[in-house]
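The following pair of complexes shares a single chain, chain A, combined with chain B in the former and chain C in the latter.
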Partner chain A sequence: MNIQEIYQKNKKNIFFSENKDIQIHREKLINVFITDRFDKKSNESLKNINLKNFFDFKYKYLLPEETSVINNNQDSSYSIVSVNGQCASFKDDKIEITKISDKDYNDFSKNNTIEKNDHFVNLNSLFLNSGFKIIIKKNNNIKIKISNIVTDDDLTIFQKNNFICEEGSSLSLIEEYENKNNSTSNILNVIKLEKKSSLNHFLIQDNSSNHNLVITSHSSCKKESFYNQRVYNFSDGYVRNFHFSELLEINSEADLQGIFFLKDNNTSNNKTFVKHFAEDCKSNQVYKGILKDRAKATYFSNTHVDQVAQKTEGYQLSKGILLSDNASYFSKPELKIYADDVKCSHGSTIGPIDENAIFYLRSRGMSKNAATKILISSFINEELSSIDDEQMSELIQKKLIRYLSKVK
Partner chain B sequence: MNTETLDKLDSYSKNKYKYGFVTDIDSDKPKKGLNEETIKFISTKKNEPEWMLDWRLNSFSKWKKIKEPKWSNLNFPKIDYQDIYYYSAPKGFEKKPKDLSEVDPKLIETYNKLGIPLEEQKVLAGVAVDVVFDSVSVATTYKGQLEKLGIIFCSISEAIQKHPELVKKYLGSVIPPGDHSFSALNSAVFTDGSFVYIPENVKCPMELSTYFRINSENTGQFERTLIIADKGSYVSYLEGCTAPKRDENQLHAANVELIALEDAEIKYSTVQNWYPGDEEGKGGIYNFVTKRGLCAGNNSKISWTQVETGSAITWKYPSCILKGDNSIGEFYSVAITNNYQQADTGTKMTHIGKNTKSKIISKGISLGKSQNTYRGEVSFLRKADKARNYTQCDSLLVGNKCGAHTVPYIESKNNSAVIEHEASTSKINEDQLYYCRQRGLSHEEAVSLIVNGFCKQVLQELPMEFAVEAQKLVSISLEGSVG
Partner chain C sequence: MFLEIKKLSIKIENKNILRNLNLNINEGEVHAIMGPNGSGKSTLANVLAGKEDYEILEGEVTFKNKNLFELNIEERAQEGMFLAFQYPVEIPGVNITPFLHSAINSKRNRFNQKEIDNLSFAKLLKSKASDLGIDIEMLKRSVNTGFSGGEKKRYEILQMSILNPDLAILDETDSGLDIDALKIVTEGVNKLKTKSNSFLIITHYQKLLDYIKPDFVHVMNNGSIVKSGGSEIASEIEKDGFQQFQ
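Coming up: the complex of A and B.
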C-alpha cells in the first residue's frame, strides 16, 4: 500500500482532515512521497534505515481508555502521563495544557524553514493523530516530568507537541520513553523560547527492540533565551534523534547533547542542526556513542552561521567508540559559515578503547572486562556528572550498569 | 576591523591578474561540439591505434548516460558541451621540432614571461620540463638522462604509440571512464598529458615537471596524466598552471591517475593559478579535475600537495585508495578564493589494507565574495585493521561577504581503526595582528606573516623548486595582505 492509499483509508482518524488549508498542504506532501522514491543514495539521513518499516506501514490508532494523569506535586513539580500521545487539558496560574490545534499545525507547516524535505516530519504532518500544547506562563520556574506510554501492539502514533516558554520563565522538562510493545512512535516537538526564558530538556529513551521511536525537535530561541537538550538513548529498538535549533535573536544559546548506547543489530540515526541568525549567540553540539555487536549509528551535525551573525561561537564534537568488528559509525560534522567574526570548530573521533589505558589498568590487577567498563564509564562521565537532578542521575546510572553488564 | 584595514583589504581584493596575456598563434581546430566525429578527428590527428579509438568511443557512450554530479556547493551556469572546441594544436607541430630553436619564438616568449626555465634556466634548475601548450607537447628536456635509468617520461600520445602494453594495462584502472560525468568526458576527448613510468628500484633523480597552459579561446583542456611507480621506486612530479586572460568560461576536465606498486612512493605537487575571472565574476576557468591515486602494493605511499589560487570554479578531490597493507596516503592543500571564485575541494581516503595511514591538512582562505568549501571523506573498510587517520582543516575568513564551509564525511567499520578530525573557522586573530604591529611591522606585513604561518604546514611540503613559485602565487592572490 502506498502512502496515499493509507491516508485516504484512515482519513477519519487523522487530526484536522476537515480543514481545507491543511488538506491542501497534505496533498502537497503526498505528492512529494509519490514523486520522490526515497532514493537512499542521495538522502543520507535515510542511511541504515529499513524503509519498509516506516513508509509502508499499517495505520492503527486507538484512543486510550485510561485517561492521562496530571499531578501537581507538593514540590511544585508536575508529572504527566501521556497515553498514546494524548494528554488531558489542564490549567492553573503557572501552566496551561491543551490539545494541539489546527492553528498550531499551520503555524509549524508555514514556518518550518530549517528542513523541508525531512520525510519523517512530513509523515508526522500527514498522519497526525495526537499531541498537546504546554504553555509556561511568564516568570514561572517549573519542573515537568512526562512519561510517554503506548498501550497496545502495532500502534502507529504520530504526535505533535508544542512547548512555549513565555518571557522570563524557566522549565526543566524530563521526558521518558519506555515502551515494550511492538509499535512505532513518530513525535515532533516544536519548542518556542521567548525572551529571557530557559528550558532544560532531558530525553530518556529506553524502548524494547520491537519499538521504533522517531523524535524530531524544532526549537527557536528569542533574545537571551537558552535551550539545553540532553538525550540519553539506551533503546534496544531503532531511534532517530533529529534536533534543530534556530537562534533568532541576540545573546541566545542552544546546547544539544546526546549519548547513545547501541548493541545487537540496533541502529540509531542522529542529527543536530543549529542556525545562527543573530549576533552574539552560542551553540554547542556534542554526541557520544558506544557501539557493540553489529550496531550501526550515524551522526550529522551542522552549524549554519548567517551573514549577520557576527561574534558567533559554535562548537561541535562527535565521539564514537566501536567495541566490535562489525559495528559501524558514520559522522559528518558540517560547518557553513557566511560571517567572518566567528569562532567555530568541530572535532570528530572514532576508534576503539585506548589500549594503553587498558594496559595501565590491567597492570594494576584489573581484569580486561573491568578495565573496559571503567573506560567506557569515564568516556561519558562528563555527561553524567553534569546532571543536577539526583533522581535522574540515579536512573541513568542504573541503565548504564545494565548496558555495561552485557559488555564482554 | 578598523576602516583602514577595510580600505586596504578592499584595494588588495581589486588586484588584477598579472599573467593575463594572449599569444597569437594559428590554431588547428576541428568543428565545435562533442560527437563521435570529433573523437575520431582527435584520434586520427594523433595517429592513434584502433584500440584507443574504441576506448574513447566507449567512454563517450558512457558519458551520454551519466548526469553531472550535483552535490557540490557550487553555482555556475550549465555547461554547453556543444559550444567547445575539443582539440587545438599550434600549427606545424605535426612534425615535432628537434630542439628549441625550431620552436615558434612567440611561444618561448610566453614561457619566459611566466618564468619557466626552458632555456638556460632549465640546466640551472635541474628540472625536466614537458610543456603542454594547447594540448600538444612542445619540447621534452632531459630525456637522455632519464632514459639511461629506464624512466619513461613523455606525452601520453607518445606513450600510446611506443608503450601500448603499459597504457593498456593501467589507463582507466584507477579512474574508470564510467566513474562520473567528467571522467567519462575526459576519457572520450583527452588530447594530451604526461606519462611517467619509473622502473623497479629506481629513484628518479630530479623533479619531473609539466606546465600546462590554456591558450586558444574556447578550448577545453582535457589532459590525461598517468604515473606508474614500479616496485621500490620513487618519483616526485610537479604540475603548475597559469592561463591568459579570457572573457568566456573555459572548461577544464583533467584526469590524473597514480599507481604505486610495492614499496613505491609518488609525490604529486600542484600549483594552480588559472584565470579566476574578473572582479564581477565574469569569465574564468571551470576546473573539474579528477585525481586519484592507488596504493596497490604493500608499503607504498602517495602524497598530494596542492596550492589552489586560480579558476572561477574549482571542483577537485585528489584521493587515495589505500589497498596495500601499511600504505600511506597524504593530502596537503591551500585553497585561496577571492572575488566571486568558488572552490569545492578536498580529498577522499579509502582505507582497505591493514595498518594503512592517512593524513589530511587543508587550509582554506576566503576573501571578497568567494565561497570556499572543504569536502572530504575518510572511510575505514572492514579489513582495515589498525588503520589511522588524522584530519585537520582550518578556514580563514577575510571580509564578511565570503563563506567558508567544511563538510567532512567520516565512516568507520573497523573497531581497531582510529579517526581523528579537527576543524576550525575564524578570522585573522586581532591579538596576533596587534602583537606584530606593536613590534613595528606594517599592517600589510603583519597580515602576510600570519597568513604565511597559517599556510606554512602545507607550503613546506612542496619541493624546493616549487616552493618559491607557490609563495609568489599566494602573494598574488592575497597581494598586500600577504606581502
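Coming up: the complex of A and C.
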C-alpha cells in the first residue's frame, strides 16, 4: 500500500483532516512521496534504514483511556504521563497544557527553515494523531518530567508537541522513552524560547529492540535565551535524533549534545543543525557514540552562520569508540559561514579503544574487561559529570552499568 | 632466582628486536641496563610487562618461579611486577585516586587479602604523595592528563610506591627530569629498596646511577647483553660512549 492509500484509508483517525488549509498542505506532502526517488545517498534522513519498515506501514492508533498531569506546587515540579502521545489538559498560574491545535499545525507547516525532504517529518505532518502544547508562563522557574508511554503493539504514533517558554521563564524538562512493545513513535517537538528564557531539555531513550523512535526537534531562540539539549540513547531499537536550532536574536545560545550506546544489529541516525541569524550568539554540537557488535550510527552536524551573525561562536565535535570490527560510525561535520568575524570549529575522531591505555591500566593490575569499562566511562565522563540533577545522574549511571555489563 | 631470562629472542613486524638475551636478577638486587637508542631496552621492559604485540621466537622467562609467558598483563602486575613507563599514557576522565585504589585492591584480591578501604587508602596516598613532593591537588586530576614530563615521571614513582612491587622496571625514568625532580624521584626509589625487592633500571646516562646505586650494570646492543659488570661500566660509558661495545 502506498502513502496516499494509507492516508485515504485512515484520515478519519488523523488530526485536522477536515481543515481545508491542512488538506492542501497534506496533498503537497503526498505528492512529495509520490515523486521522490527515495535516494539514500542524497537524503540524510534515509541513511541506514529499511525503507519498507517506515514508508510501507500499517497505520494503527488507539486513543488512551487515561492520561495524567500531577503537579507538586511545593517545588514547582510536574509529572506528566503522555499515553500514545496524548496528554490531559491542565492549567495553573505557572503552566498551561492543551491539545495541539490546527493553528499550531499551520504555524509549523509555514516554517521555511524545516527541511522539505525529511520524509519522517513529512510523515508526521501527514498522519498526525496526537500531541500537546505546553506554555511556561512569564518569569516562572519549573521542572517537568514526561513519561512517554505507548500502550499496545503495532501502534503508529505521529505526535507534534509545542513547548513555549515565555519571557524570563526557566524550564527543566526530562523526557523518558522506555517502551517495550512493537510500535513506532514519530515525534516532533517545536520549541520556542522567548526573551531571557531557558530550557534544559533531557531526553532519555531506552526502548526495546522492536520499538522504533523517531524524534525531531526545532527550537528557536529569542534575545538572551538558552536552549540546552542532552540526549542519552540506550535503546535496543532504532532511534533517530534530528535536532535543529535557530538563534534568532542577539546573545542567544544553543547547546545540542548526545550520547548513544549501541549494540547487536541496532542503528541510530543523528543530526544537529544550528542556524545563526543574529550577532553574539553561541552554539555547541557534541555527539559521542559507543558501538559494539554490528551496530551502525550516523551523525551529521551543521552550523550555518548568516552574514549578519558577526561574533558568532560555533563548535562541533563528534567522537566514537568502536568496540568491534563490525561496528560502524559515519560522521560528517559541516560549516557554512557567511560572516567574517566568527569563531567556529569542528572535529571528529572515531576509532577502536586506545590499546596503549588498556595496556597501561592492565599493567597496574586491572583486568582487560575492567580497563575497557573504565575507558568507556572516561570517554563520556565530562558529559555525565555535568548532569546537575542527582536523580537523573543516578538513572543514567544505572543504564550505563547495564550497557557495560554486556561489554566483554 | 627472582627473574630469570634465558635465550630470549623477540620480533615485531618481521624485525628481530631481542636476540638470545640472558639476564638473571636475584631478590634485593638493583640492575641497570644501558645502551644506545634502538638497542632493545624498552622492548625488553614492555615484553616483561606483557605487551602483546611482540612475537616470542624462543627463550623462556621465569618470575618468582612462574613461567612469565603464562601470565597475562594484569596477572604479572598482581604477582608484583611494575613497569614505570618511559612515556606514561594520558587517560582523560580516569581519576587518579579511584584508579590507584582499584589497582592496589586487584593485587590484594589475587592473594585473598582484605581490600583497603577508602579512608585507609586516602591516608596512604596522601602520605606517599607528600614524600614525593606531589601536590594533593594533583591527585584530583585525571591519570597523566595535562601533566608535565616531570610530573608524569613523579606520578609513575607514586604508583610504584603505592603498589610496592617485588620487581620494578624503570624505563628511562630520568628522561625529561630536571636535577631537582631527579633527586626527588630517585629518593623515592631508594626509600622503596628492601632486601626482598629488586629493580631493573633502564637508562642512557650515568647520572641516574649516581643516585640509585646499582649492584650490576649491563650493556645492551643490537638486542643482546654484550657486557655485564659493576658500576664501573657506567663510568666507562660516560667517558667513551657506547661505540666501544658495538
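Some notes on this structure:
Convention: the second predicted complex is superposed on the first by the 399 of 408 C-alpha atoms of A that agree within 3 Å, B and C clash if a C-alpha of one lies under 4 Å from a C-alpha of the other, contacts with A are read in each partner's own complex, and residues count from 1 in each chain.
In the analysis below, a residue touches a chain if its C-beta (ideal position, glycine included) is under 8 Å from a C-beta of that chain, and two chains touch if they have at least 3 such contacts.
None of these values were measured; they are calculated from a predicted model.
By the touch criterion defined above, A:333 reaches chain B but does not reach chain C. Once the two structures are superposed, chain B and chain C can be ranked by residues of chain A touched, with B on top.
In the superposed model, A:139 lies in contact with neither chain B nor chain C.
By the touch criterion defined above, A:367 reaches chain C but does not reach chain B. In the superposed model, A:378 lies in contact with chain C only, and not with chain B. Using the contact criterion defined above for the overlaid structures, shared-chain residue A:351 touches chain B, although it does not reach chain C. By the touch criterion stated above, A:359 is placed in contact with chain C alone, chain B being left untouched.
Of all the residues in chain A, the ones that touch chain C in their complex are 354, 356-357, 359-368, 370, 374-375, 377-382.
Interface residues of chain B, counted against chain A in their complex, comprise 382, 395, 397-427. Within the complex formed with chain B, the chain A residues making contact are 307, 310, 320, 322-352.
On the side of chain C, the complex with chain A involves touching residues 49-52, 72-74, 76-78, 82-83, 85, 88-89, 91-94, 99-100, 102-104, 106-107, 110, 142-143, 159, 163.
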